[in-house]
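Labels run A, B, C, D, E, F, G and H following the written order; every chain starts at residue 1.
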Amino acid sequence: MIPYWMCFALFLVGLYGVITRRNLVKIAISLSIMEVSTFLFFALMGYIEGGKFPIVDPAEPGQLYVDPLPQALVLTAIVIGLATTSLLMAVIIRIYRKYKTFDIREIRNLRG
Amino acid sequence: MKGMTTIVKKTTQILAGIIFLYGAYVVIHGHLTPGGGFAGGVIMAGAFILVTLAFGGGFLNLKKEETGSTATENIAVLIVIILSLVGLFLGAKVFFLNFLPRGTVGELVSAGVLPLYNIFVGIEVTSSIFILFLALVIFKEEDT
Amino acid sequence: MLAGILLFFIPGRIRFVKELISILAVMAALYSSIVLFGTGDKLISVDDALRTGYQAHHNCLLADHGSICFQVDGLSRLIVLFLGIFGLLILVYCLTYNKGRIKGFYSWYLITLGASYGAVLSDNLLLFIIFWGVLGITLYKLIPGTDEASSAAAKKTLIIIGASDGIMILGIAIIWKICGTLSMADVSLPTSGALTAAAFLALLTGSFTKAGAFPFHSWIPDYAQYSPASSAAFLPASLDKLLGIYFLARITTDLFILTDPWRMLLLSLGVITIVAAVLMALVQHNCRRLLGFHAVSQVGYMVLGFSLGSMLGVAAGLFHMLNNVIYKSGLFLTAGNVEFRTGKEDIDELGDLSRSMPLTFFGAIVFALSISGIPPLNGFASKWMIYQAIIDFGSGSGLPNKLWILWLGLAVFGSALTLASFIKFIGGIFLSGKKQEFAQVREVPVLMWAPLILLALGCLLFGIFATGIILPRLLMPVSGVFVPAGFWNSSLVSVLVLISVLLGICLYLITGMKKFRTEDSFIGGEKLYETTGYPVSGFYHTLKEFRLMAWFYQKAEERWFDVYELSKRFTLWLSSLASRAHSGILPHYTVWIIAGLIILLMIMNT
Amino acid sequence: MELALTIITGFMVIGAIYAIHAKDLLSAVIACGIVGYGLVICFLLLKAPDLAIVQIVVDTMSLIIMVTVVLNTSREEPYYGLDSRGRTLAVAALALIIALLYYFVISTGHLDAFGESHLRMSEAYMNGAAEKTGSANLVTGVVFDFRGYDTLGEATVLVTAVLGVIAILRLKGKK
Amino acid sequence: MNPIIPMLVIVPLASAFLIMVLGKLIRDLPGYFTSAVFLVLLITSYYAWMHNGNGITVYKVGGWEAVNKIPIGIYMVLDGLSVIMLCLISTLGFLSAVYSLSYMKRYTGEEYYYALLCLLVAGMNGVVLSGDLFNIFVFLEISVIASYALVAFGVEKNELEASFKYQVLGGIASLLILFGIGLIYWKAKTLNIADIREAFKAGYDGTYYTFVQMLILCGFGVKAAIMPFHAWLPDAHSSAPSPISAMLSGVFIKAVGIYVILRLFFSMFVISEQIAFVITALGTLSMVFGVFLAIGQWDIKRLLAYHSISQMGYVIMSAGIGMILLSRGTRPDVALLAITGGLYHLINHAAFKGLLFLNAGALEYRLGTRDLKEMGGLASEMPITAGTSFVASMSISGIPPFNGFFSKLIIVIACIRGRFYLLAFLAILVSIITLASFLKFQRYAFYNKTNAGKDLTGKEVATPMVFSMIVLGMLCLLMSLLAIPSVRESLLKPAVDVLMDAGNCMSKIIGM
Amino acid sequence: MACLILLSVGILFNLFGCIGLIRLPDVYNRLQAATKCVTLGTCSILIGVLVHFGFNDAGVKAMVAIPILFFASTVAAHALIRGAYGFGIRLGDRSVKDDYKDAVK
Amino acid sequence: MRYLTLFILSLIMWLLLTFKLTIPNLIVGTVVAAITALIFARYFIRNVHKFLEPKRYFWLFVYFFVFLWACLKANIDVAYRVLHPAMPIRPGIVKVRTTLRSDFARTLLANSITMTPGTISVDIIGDDLYIHWIYVHSEDPEVYSSLILGQFEKYIKRIVE
Amino acid sequence: MISYLDIMLYVQIALSGICMYRIIRGPTIPDRMVGIDIFGILVVGICAIIAIETEKSYILDIGIAWIILSFIGTLTLAKYLSGKKINE
């Protein structure tokens, strides 16, 4: 169970970062750390002790492979993560140019 | 001097082709080895990015590249969609039908349409990633 | 009749055509209501309606229980008749008065009328509330709203009306839950349990709001002040009164069976309405606002009448309602006439119009006397009936019955104050000091004074033939047969009348004399609390009362008695509190999310 | 295996903590990259080569993107110290994450332990999947054939993000 | 195996890419093309609605049949609920696209806008049609990312800020959802919603189950902007271009938030009374506080955005009441009423909130400001805008002849009959305050004195915008017809049945 | 067996490189140690792979990897050291000579 | 010309990577190599005719062993310095003048230098190579030039120029 | 039983831990970059060891990919250091 806990701890570290950091880029980094932990979580779930790489070798049939489905899911999720990160980064550039600051507490035009 | 030092430039000249080739390898062997459209696509984009990094923006016409890449990207995705729709029109009325013969497991030409998907997703990813990079690179703020 | 009105959504380009069509439609409506009046009691269900042709088109319902019914009984017939009459009269008045004041006036007017018919005739509570809601919208749309104050008044009006609608939904839902039906004919509930009480209160709120009784009255003066006289006469004075009191009658007589505490509540609300509103009216110097407060005040009598619960009381309430509608719309029309010719609404700035506008003056005199309950006129008749009912009521047992003298006294006091303020009204506008600027003022066109005169005649007729014709023909079918003549000629009558007249004149003198001393020209009872600062030797004994009054007025100015303002303040306070939490700082929002997650987990895991 | 994973995840946690506490942005970005690389080792150990290669690629790409952003914005490396508000937030965050960890631990105690996963949906993928899809790589088979629709979505997400980036980085928003 | 189902997703996707390819070549193409595509979608989805009836159609992507009754491919499910959402999406999408024809003239990069709009719609269609948990996530991300980009489309200060906040909060939400999906997979080892239900029947641990439920609820709660998770909504919805605000408020938070919550909590998880209470409480919370926040606003779109929170609160509350009653198993008729009311309100909200945002867009287009204090007296200058906005305002505040009244009425009646008197009272209270705040909007925008300082071009907006507004206004009126029991039976009943009898439906899906 | 030896040697070199990474005083020297040792160590490991698999697809792949690794790591080291100089990192205290300083100016 | 060279190189590379001589593989390899050549040939080195001269490959082969030896020396040297408790280092940047003309040759030289004992090339400006040296043996330019460049220069000259 | 290859794996992982140390500790930014560069190369070793352990050649693909991408990444970082915009 320990890897699962470590994995969730990673998630929480990211969460902590999102909450406490004031720098926009730091927030983005924290988010990507959370993403990483989620991917790890999926991969951990698919692991089977003694399982082989999920790539069939025609020479040796009838093997036990690790669960390929979570891997497929993570594959999709990773791409989504990249997409989110890049969009976030684009917004960050623009925000910096407009506000001349990275401080999240000064970026509060919209309130109330 | 534009770009990085001569050393980097010359190495890039050699390596860029190899990297691209390697990316293509990963893409085409997606159904046999790890990787596939996405990973290979990014590696192929890496070749372009490497060139841009080493030679600087002046070497390429960035605007034109971006436009071309956008077109490529969208056309590639369209082809993916069309591929997925072919099954729908080929009588079976099944979306995402693997309509080609499956072949022998482990051969290069096998797995029906999967390599085709890989290839076009690879092209799409290549151009997407390159556009991402270019968009971030050539971005300049208007004077406000 | 609804069909013709709904057709009117397509507004014609030519104003004349519009007028013509609207008059025709109203005439048709009047005709059909008269026809309806002639028929007996029955429930017209949808099938019937299609067969008999009374209702060509009908609205729809979601009711899973109970069918869609239009109901015609004595009460609704009465109301329908008067709706038709007033619709016609005021429309005629509007033809000249209303030149381009409000866009699409006629279509809204007709929709209003149609919706009122619908509301009165519908048996199903849901159908009823749909029409009721439409009335709220038309009320909103009949204010021009092109300036700050009138738009604010429009907003306030619709908010209060809409709120009452909402509360009525609550009541209706409760009724549905308890009875499983929405047909008014089938519902009869004792107000004993908490649920029924809630339902009763909810529906009561609706009717009070529409009629403008005390806690929810505050939209009437504003509306009266800022809307054109035609709208004011049409809606708050006549139609809304008719409908509100109609609904009050429904809920107090048909839907619910009242118990003593509720009776007590109703009585006290009625009395408070009478006194408080008339006190407020006393100090107004915008003539329409003054009338608006009076409209509120009169409602108190009706509430009083209905809350007594006896047949006499109900009949008295209804009768007073009819009378009130007659003279109050007449008064609004008078004010409209004056404003039409002079362009002024402030009593202080008006004066001496009696000679230039004699017909208007005549009408005003009649209405004013009537509203103050001077004997030969209808106001007296109905008020007298109410007093009588109260005295009757006093013979019963129970707490509210024991307090009959209090109700009676306050009612009489209110009547007296009414007189006082109307002396101001009449005096201020038509009699006192001649002003040069009004030299050119002429009498209004015939289409404007004709309804006025008709109404004045109505006042007279209703007063004179009260016992003879009006009561048996109009009211007996509704409330059942009763014996009105018991105290008709007793000395109590004259004593009460005398008291009220004297009291009124006395008060008028108090206020009036002070005015004469402080200022040359006659200015009605301008804000009393300001003038209390002057030493008043002759009327020293009233000072204490005045101080109390001063406090009262001051708070009223700050709108402490206005439910709308109170809730507005509270809401805005909450709103600012909540929006301060949205500080625009992202980490706080994130903490909300995670804290929400954890709190939910805690809740779920206990 | 569990030990190695624990060590690497430990490294990743340390790296992550450093990443969010680093005083300058570039260090944070690098540390973030290290977390990603740690993930790759985890994937390798967990027998997920596809994921490993994709994660390498993505991690490097996001590193490049982040570096480009940092380069395009500020070189002065802003750092904001803790003030009272920040301290409150930090305490709140700590309390929240401890609570969350607690709930995670108590709620996952009964599930399949590490490495003892059983199969349900993917059993069908593994039994003769190679023959069904013709692909030696089971993951590719799943990604493009059984769940090809997801992959179409994935490709679309990327294109969407690219369109979004271009749209956001236009020079002028309004005419 | 109806090929319409995948086409509903594929057509907007493909058109987005076509726009990007062709948009550079032909200048005015994107707008008209998008409108045409959405019109096709509209017709298709209504066709599907008419022909679906009470049935459930399952489309197995890739033609993979279930093995041992365990589905292995991705299922696309078209049932009563999703078809209604489809119709909503395509209707509002079409009107927004038409509206954009002239509204977007002042922005640059129109082809990006239209492509992203297509992607937004495609993502929502995908979410609605999907019967697979992870697939829902993927398509949710498509539409969410498109909406991130569209919120920031104006690239001014506020837009960017809103987009950033939206992205961070939305990112956290997505991760929570993903984690929840992971936890579900950990236990159930399957991703098909119907199959997960089967798997959970075998037994589960209580704490685990609640943890998963809460993660999913929070994740989709952020997307649906339920109260403690709502903070991004007012910023994002007020900053986006108006047609996008209409889309976001009108269908987006429903399709990716409410719809999924309903779908998952009714169909996937077994309804427990506790979770039902939680959902009801959250709905009530957002209903009440949303409106209190709204009334203090002076920015039109922000006011509208807060109202979205509040109105969604109604929907969630009524659904929660339905859940409570279903879990008790005592009053199925009232549960039916509550769920019907919720769905009905959801549909109505799409109509009037979309209309209101389009109105706000028209005002902004003409005046260049969103501040109520700077407006006034526009009723005579922009009569159609004024009229339609009046209809929408009355509708949202529940004034009788309009559709909002009927749905609120059904909700209140359901509350009362289910003995939730406090909730009924709160619903009424909120309705009143809604009325107040919308009259504030009406008063300051259309009624008040004309603001002399501003240079108002006394013109109505262009024809496409007017067209969209009028159509939505008519819809507001027409939808009150849904109150008629027979109409309601035929149109809403299939959707309600899906939720009422979830277990049965799910086993049908498995069996197909 | 040869494979294992090559692997051990490679890992040993890697170990040296990493020790150098820790011990050496400034970034230039660290780069010196790390790049060389680690690159060579990894090359050694790859040759070990080649030996293990023999001359088949895996072995050849390892062989292909070696020149790529060589070019990549040297150029990366070069770019890094130049970048570090450009970034303004001065040479350590123990430095004796700096010709590049004049050239950059 | 460049295109063809790159094409052939790519094809060889492809075959090495896949290490299969089946017909489909060859076809695919040809196509991919062609695409690679089409795209990247314009970035490829210019005077490709040198690839055709066999003796260069001979010198490359010789150079390979020389270089391997130098690498090993470098590693042992560094390991010694790292493990020595006193850390005998005398870092510094020195300037070395090279006689190589072509850019590619210089690049190769610089890369070689990077892998040889204690040196990393920092920059090339004009004819001067700037080299970071972990232990500056001598202050004299002549001495360290020969120490650093060693035999590399002449081999590279034979290979490339 | 833990085989010799496993021990090597652990050693490599430990070495990458050292790189972590340098990244976290590194007084200057170039130090950290050196750390990440070395980390990348070390992982290639890990890939190779796993390839031997599992007798699968495709793990080496991952290694090559890693080399390439870490090269690109390092170049980007180096370009950052030299103070140029990326497009110069």
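Methods note: a contact is a pair of C-beta atoms (placed from the backbone, for glycine too) under 8 Å apart; a residue touches a chain by one contact, two chains touch by 3 or more.
Just so we're clear, the structure is a prediction, and the values are computed from it rather than from any experiment.
Asks: How many links in the shortest chain of touching chains run from chain E to chain H?
Replies: The fewest touching-chain steps linking chain E to chain H number 2.
Asks: More contacting C-beta pairs: C-E or A-H?
Replies: Spelling it out, more C-beta pairs touch across C-E than across the other pair.
Asks: Find me the chain with the mean Cα position closest to the mean of all the protein Cα atoms on display.
Replies: Central by C-alpha mean position: chain E.
Asks: Need the CA-centroid distance for the pair chain F / chain H, whole Å please.
Replies: Each chain reduced to its C-alpha mean, chain F and chain H end up 11 Å apart.
Asks: Roughly how far is chain A from chain B, centre to centre by C-alpha average, rounded to an integer in Å?
Replies: Roughly 23 Å, centre to centre.
Asks: What is the distance in Å between the mean C-alpha positions of chain C and chain G?
Replies: Going by mean C-alpha positions, chain C sits 100 Å from chain G.
Asks: Would you mind pulling out the distance in Å between where the CA atoms of chain B average out and where those of chain C do?
Replies: 77
Asks: Going through chain B residue by residue, note those that touch at least 2 other chains and give them in order.
Replies: Within chain B, the residues that touch at least two other chains are 4-5, 7-8, 11, 14-15, 18, 22, 26, 32-35, 38-39, 42-43, 46, 49, 70, 73-74, 77, 81, 84, 95-96, 98, 104-106, 132, 135-137, 139, 141.
Asks: Residues touching two or more other chains, restricted to chain G: which are they?
Replies: Within chain G, the residues that touch at least two other chains are 13, 17-18, 20, 110-111, 121, 123.
Asks: Listing for chain C: what residues touch at least two other chains?
Replies: 579, 582, 586-588, 590-591, 594-595, 597, 601, 605
Asks: Could you please specify the touching residues of chain H with respect to chain A in the complex?
Replies: Checking each residue of chain H against chain A gives 54, 56, 58.
Asks: Where on chain F does chain H make contact in their complex?
Replies: It comes out as residues 3-4, 7-8, 10-11, 14-15, 17-19, 21-22, 27, 30-31, 34-35, 38-39, 41-42, 45-46, 48-49, 52-53, 56-58, 61-62, 64-65, 68-69, 72-73, 75-77, 79-80, 82-84, 86-87, 89.
Asks: Which stretch or stretches of chain D touch chain C in the complex?
Replies: 89, 92-93, 96-97, 99-100, 103
Asks: For the complex, which residues does chain B have touching chain H?
Replies: Listed in rising order, the residues of chain B that touch chain H are 2-4, 8, 15, 19, 22, 26, 32-35, 39, 42-43, 46, 49-50, 52-54, 56-58, 62, 136-138.
Asks: For chain F, which residues count as touching chain G in their complex?
Replies: Residues 13, 16-17, 19-20, 23-26, 28-29, 31-33, 35-37, 39-40, 56-57, 60-61, 63-64, 70-71, 74-75, 77-78, 81-82, 85, 91-92, 94-101, 103.
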